[in-house]
Amino acid sequence: MSGNKFGEIFRITTFGESHGTAIGVIIDGCPAGLKIEPEFIQEQLDRRKPGQSDIVTPRAEEDHVHILSGIFEGISTGTPIGMIIYNKDVRSKDYDNLKDLFRPGHADYTYFKKYGLRDYRGSGRSSARETAARVAAGAVAIKLLRHFNINITAYIISVGKIRIKTKNLQLINTNKILCPDTDTAYEIEKHLLELKEIGDSTGGIVECITTGVPAGLGEPVFDKLSADLAKAMLSINATRGFEIGDGFACSELKGSQNNDPMLPGYKFASNHAGGILGGISNGNDIIFRVAFKPASSIKLPQKTIDIHGNPVEFSISGRHDPCVAIRAVPVVEAMTAITVADHFLRAKNSKL
Amino acid sequence: MSGNKFGEIFRITTFGESHGTAIGVIIDGCPAGLKIEPEFIQEQLDRRKPGQSDIVTPRAEEDHVHILSGIFEGISTGTPIGMIIYNKDVRSKDYDNLKDLFRPGHADYTYFKKYGLRDYRGSGRSSARETAARVAAGAVAIKLLRHFNINITAYIISVGKIRIKTKNLQLINTNKILCPDTDTAYEIEKHLLELKEIGDSTGGIVECITTGVPAGLGEPVFDKLSADLAKAMLSINATRGFEIGDGFACSELKGSQNNDPMLPGYKFASNHAGGILGGISNGNDIIFRVAFKPASSIKLPQKTIDIHGNPVEFSISGRHDPCVAIRAVPVVEAMTAITVADHFLRAKNSKL
Amino acid sequence: MSGNKFGEIFRITTFGESHGTAIGVIIDGCPAGLKIEPEFIQEQLDRRKPGQSDIVTPRAEEDHVHILSGIFEGISTGTPIGMIIYNKDVRSKDYDNLKDLFRPGHADYTYFKKYGLRDYRGSGRSSARETAARVAAGAVAIKLLRHFNINITAYIISVGKIRIKTKNLQLINTNKILCPDTDTAYEIEKHLLELKEIGDSTGGIVECITTGVPAGLGEPVFDKLSADLAKAMLSINATRGFEIGDGFACSELKGSQNNDPMLPGYKFASNHAGGILGGISNGNDIIFRVAFKPASSIKLPQKTIDIHGNPVEFSISGRHDPCVAIRAVPVVEAMTAITVADHFLRAKNSKL
Amino acid sequence: MSGNKFGEIFRITTFGESHGTAIGVIIDGCPAGLKIEPEFIQEQLDRRKPGQSDIVTPRAEEDHVHILSGIFEGISTGTPIGMIIYNKDVRSKDYDNLKDLFRPGHADYTYFKKYGLRDYRGSGRSSARETAARVAAGAVAIKLLRHFNINITAYIISVGKIRIKTKNLQLINTNKILCPDTDTAYEIEKHLLELKEIGDSTGGIVECITTGVPAGLGEPVFDKLSADLAKAMLSINATRGFEIGDGFACSELKGSQNNDPMLPGYKFASNHAGGILGGISNGNDIIFRVAFKPASSIKLPQKTIDIHGNPVEFSISGRHDPCVAIRAVPVVEAMTAITVADHFLRAKNSKL
């Protein structure tokens, strides 16, 4: 009800504020018998963590995951898997000058209106730091899906106005941008360093492909797999759009162009649909894109008001990313994994 | 779990197949004391129903709503509101030649894989006819929101490659396209009649504005108001994308351009965010767009396979819309109303 | 949230008031492929319906079930099964003299305080008539469980101070009391006719045995199978208590007496636990008892107040049961079936 | 779905095994603005913790609660309240001789059948240690309810065959038994020391009174306040029965005896119903009783089988309570508080 849980069978609940004691997640619904190495969870977290390169925020969190329950002798027991990450590099003082401001583009004003108070330190609960808990849970979902040969890969396809020209998924981890086109990655990197220099930020688009999904996942009507993916993606900080398959572009197509004919062998001649028909996976790759807005935290001076309604000018001195889409790549993968894992388990009850 | 319910407090469950006995909806969670006129619900249904003009399917459903419970002497009692619509114009024979086929772009194959069988008549549960139940429930949500001066308006902004040039919401109901630009509406109408002639279809984009939403609706983290709207929209048949505020376009902007500065009076200087920050309404208009694919049912001959995997060529002779986005306009409004009403009620427990 | 749904995977939502247009139920989550004969559902309803003998209320409802969706060619399709029963014998006038009273033992006052208004006709939503919808849904659950050789039998073990002396489940349907002891049944019948004569009522206890339940159903911690059965039973009108296995009596036992030793063959030497350990079925018969209070509607004159707080004396002239526990027997079976069916489906995701 | 959460709006999820790293709880849905002192939570935990007297298990857990999130400057922020308790006194070796046994009365066999494996150390997740997490969450619920003058008191009314003769709630905390009758408490204490001596255990009954509950809490039909209390109580380890108001005894009463007449001033002349009518609170005290079985862990030698099905004789040498009902008293209060708090918040949406 308060919106901190996601999923029906593979259900996660996250908790924790950016500058509180710890953040964490409970996975309730991971089947017993899954082999889970703590190292794998840590690896996924390391992919998201700040301070990895000159183009992401240098906040030096260790982001060390502690597994509190649910795994015994390396195997899931079917009971809730509790994981926490202590907050260590807590410089709350950085936020002292911001505590009475409503920063543009942030959730300061909306949290204040909703709750009547707010934890102003580093955006509190609305901080992207919360997504570390999702990545930890996502690691378990990824393990579960890999067990059934389902694999998820997300990557950057555009930053600002710079778009990829080619797409080679082998190249994603060869550059800091997590981009399947090395030349574009280089161009983006240069652009981001410039933005960092002037203290501005930019948006970007993440694409995500899931392979190996059997036909039949997703519930008709409201819990369409596409609808749950849309929700999963729009629940990530700074997202502004979601499209699957041909997405918005297919609004310009004709039915005769957009329909994916079926071929003998129960294959499809094309994949305009992005792998989902009527909300249910059709066995094709699931492919979608997520739009990220430019980070709201910029060093350039900005105008706003304080909690008393008085106009103020301010600038933010904290540690921030020029393009949050890049660090969001593992978060997109994690939320995709959690969504698909949930529907994978839900599908067990479709037929007698 | 099976995905036929939507909402947490204002919760709806729909049921019914296109060519079964009836379709319907149960609203569980409408507060007691709301004045609900059956005529208003019927009016909303009439906006969605087929056969209204030459550019939508001529299926002559009466779509008469029967209220079974939950309203006593014109007032909601707090108990579940049950509504059904009998299916009358049931020409199941139209579908006899399709019963063993997997129509491209339809849910035939995915339902078959999910359930091991399917009700092939008129797409069964995956038919857009199910959305009539949503519109009936949405009418109640609209009444609830209007009681608090929250209003929702959806309209067509593009069909195929034809986009609006101007936007005057007063004009929406003056044309069959539900378009805020009369000239564009005329152009679209001409285009659709041509498509109908050749037996093809096209996609379109619906935009939706909600006014009067107080700041503070939406839950942080997973049940962001934007995330729930994304899910609501992607749960509508034939949708392929959702974007809020500047949407995908804001991926090309800089933070200094995209941030909406706050002004004295707790107003915003702009609305790039589309009325939601950190998943919570900020008091601005909520504005988003939904991409609809071209209808899969076209009269042109198509290739596919049958349930035995054999290749077949076929064409569909039923009654279908050249652009489903148009009839989806009241469905977009209904799902928006249900989502916002749910969060309106949820917000009552944010603070002590 | 508003409490009209039950179950997680096999999930039902009921709706309807005693004297409204219809009552009904939606089953969301019945797996596809289950053979369901409408006659079987009707039979179950007929077991519950009023007017069957001189010791139950003579209200002459036909209670004819209409299946609106979810079953195609006699087989469940996996989509929601919608069922309604029209209210026919609606004598609302019987209630005109009660509309401003708060009848003792009824929900009149509590509904009024909760909702600010109430549908006074025949208790509205709080009428036991709502349980007909549960019985219809329960029939589907019973079919599902029988497919897996799980069987449920409930029966009367006491009415007022009269208790069974012997227990032969073969005899249950040979008497109007649904009692496994014919002599006791006869004694009870005589007692009830006397109560009917003087216009009073009495309570009773229903026992229920479920056989064939495999070990492993039920979730640890909160959704223990025993906890969900307790909730299911206490959700039935007029219930005041639930006990499983030795129940309250085992509070007087020693551990050395109460523990059920295990024997080779994975059997148990005894069944003090009533078939559930740690909230999970152990393969033994599940056996529990439910206490029903005497019906609140009696013909004897009673004192109470009206909605203005003024004292009044009144008597109820409607049609009522001298012991509601008897007609509740199929309701206990239905709710047990729904609970066990739900956990049967939930258990599919315990292990990888 | 996996049964580790409880509540709809005031929703808790617990996690953790008896001998794992930590146990804990997330409260999702506590409204912002509630003053919560960590000391109060600790006090509640101290009431439950082992080692307090010679009649409860001497396991010397410190049970120190760590608040990880959701409370800022002593006030709830509306975000999830995460709390953990590290397991310190972990003598897993005590359980080495039990790891291949199915102990009678324990969940060993059922967990094994459900999950295909089990964490055998100290019963793992099925240990009553899990209830410490409930008590921590319950402390927050108690604070919330006290803010609205709702108070909860539980106490022992019987142990084995020894029942209270008088009831003075002032006396509860004056004896180790938490019994409102000092003489009976003394008698019970003597009995328990005898049982401890011979290595056996006994059951008991806990009664619970909630005062100050406004009329109107509880949802009709399935989520009756009484039904949710029944579930809450049966979800506590070692419970076997629940009864409200006159409970099982009222099955022997007549309607004319059992109905509680209303008096001017909207009061009731009696409280046979236990404060709930039609599932909704009527403003009277809510009073119910919970039956606890004798603890399954006894020192006396017992027979059972091992996981290979071979018969074995064994005895348990660990640290255990002769009567678990006593330490369950604060757990009953905690679960009552969580249930009532949840319905208190749910009731905000009953009327417009």
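The chains carry the letters A, B, C and D, assigned in the order they are written, with residues numbered from 1 in each.
FYI, a contact is a pair of C-beta atoms (placed from the backbone, for glycine too) under 8 Å apart; a residue touches a chain by one contact, two chains touch by 3 or more.
Values in this document were obtained by computation on a predicted structure and should not be read as measured data.
Novice: So which chain is farthest from chain B, going by the mean of the CA atoms in each chain?
Specialist: Ranked by distance of C-alpha centres from chain B, the top chain is D.
Novice: Going by the touch criterion at the top, tell me which pair is linked by more C-beta contacts: B-D or A-B.
Specialist: Looking at B-D and A-B side by side, A-B shows more C-beta contacts.
Novice: CA centre of chain A versus CA centre of chain D: separation in Å?
Specialist: Centre-to-centre distance between chain A and chain D: 39 Å.
Novice: Can you compute the centre-to-centre distance for chain A and chain B, using the mean CA position of each chain? Integer Å is fine.
Specialist: Whole-Å distance between the two chain centres: 26.
Novice: Express in whole angstrom the distance between the two chain centres, defined as the mean CA positions of chain B and chain D.
Specialist: 46
Novice: Using the touch definition from the top, which residues of chain A touch two or more other chains?
Specialist: 1-2, 4-5, 8-9, 14, 29, 32-33, 78-79, 114-116, 125, 220, 349-351
Novice: Name, in rising order, each residue of chain B that touches chain D in their complex.
Specialist: Touch residues, chain B against chain D: 1, 9, 29, 31-34, 78-79, 147, 220, 345, 348-352.
Novice: Looking at the complex, which residues from chain D come into contact with chain C?
Specialist: Residues of chain D touching chain C: 1-6, 8-9, 14, 102, 104-107, 109-111, 113-116, 125-126, 130, 158-161, 195, 200-205, 214-224, 226-235, 237, 239-248, 250-266, 272-274, 276-283, 291-298, 300, 302-305, 309-311, 325, 346-347, 349-351.
Novice: Please output the residues of chain C touching chain B within their complex, sorted ascending.
Specialist: 1-2, 4-5, 8-9, 11, 13-17, 20-24, 26, 28-29, 32-33, 66-70, 72, 75, 77-82, 84, 114-119, 124-125
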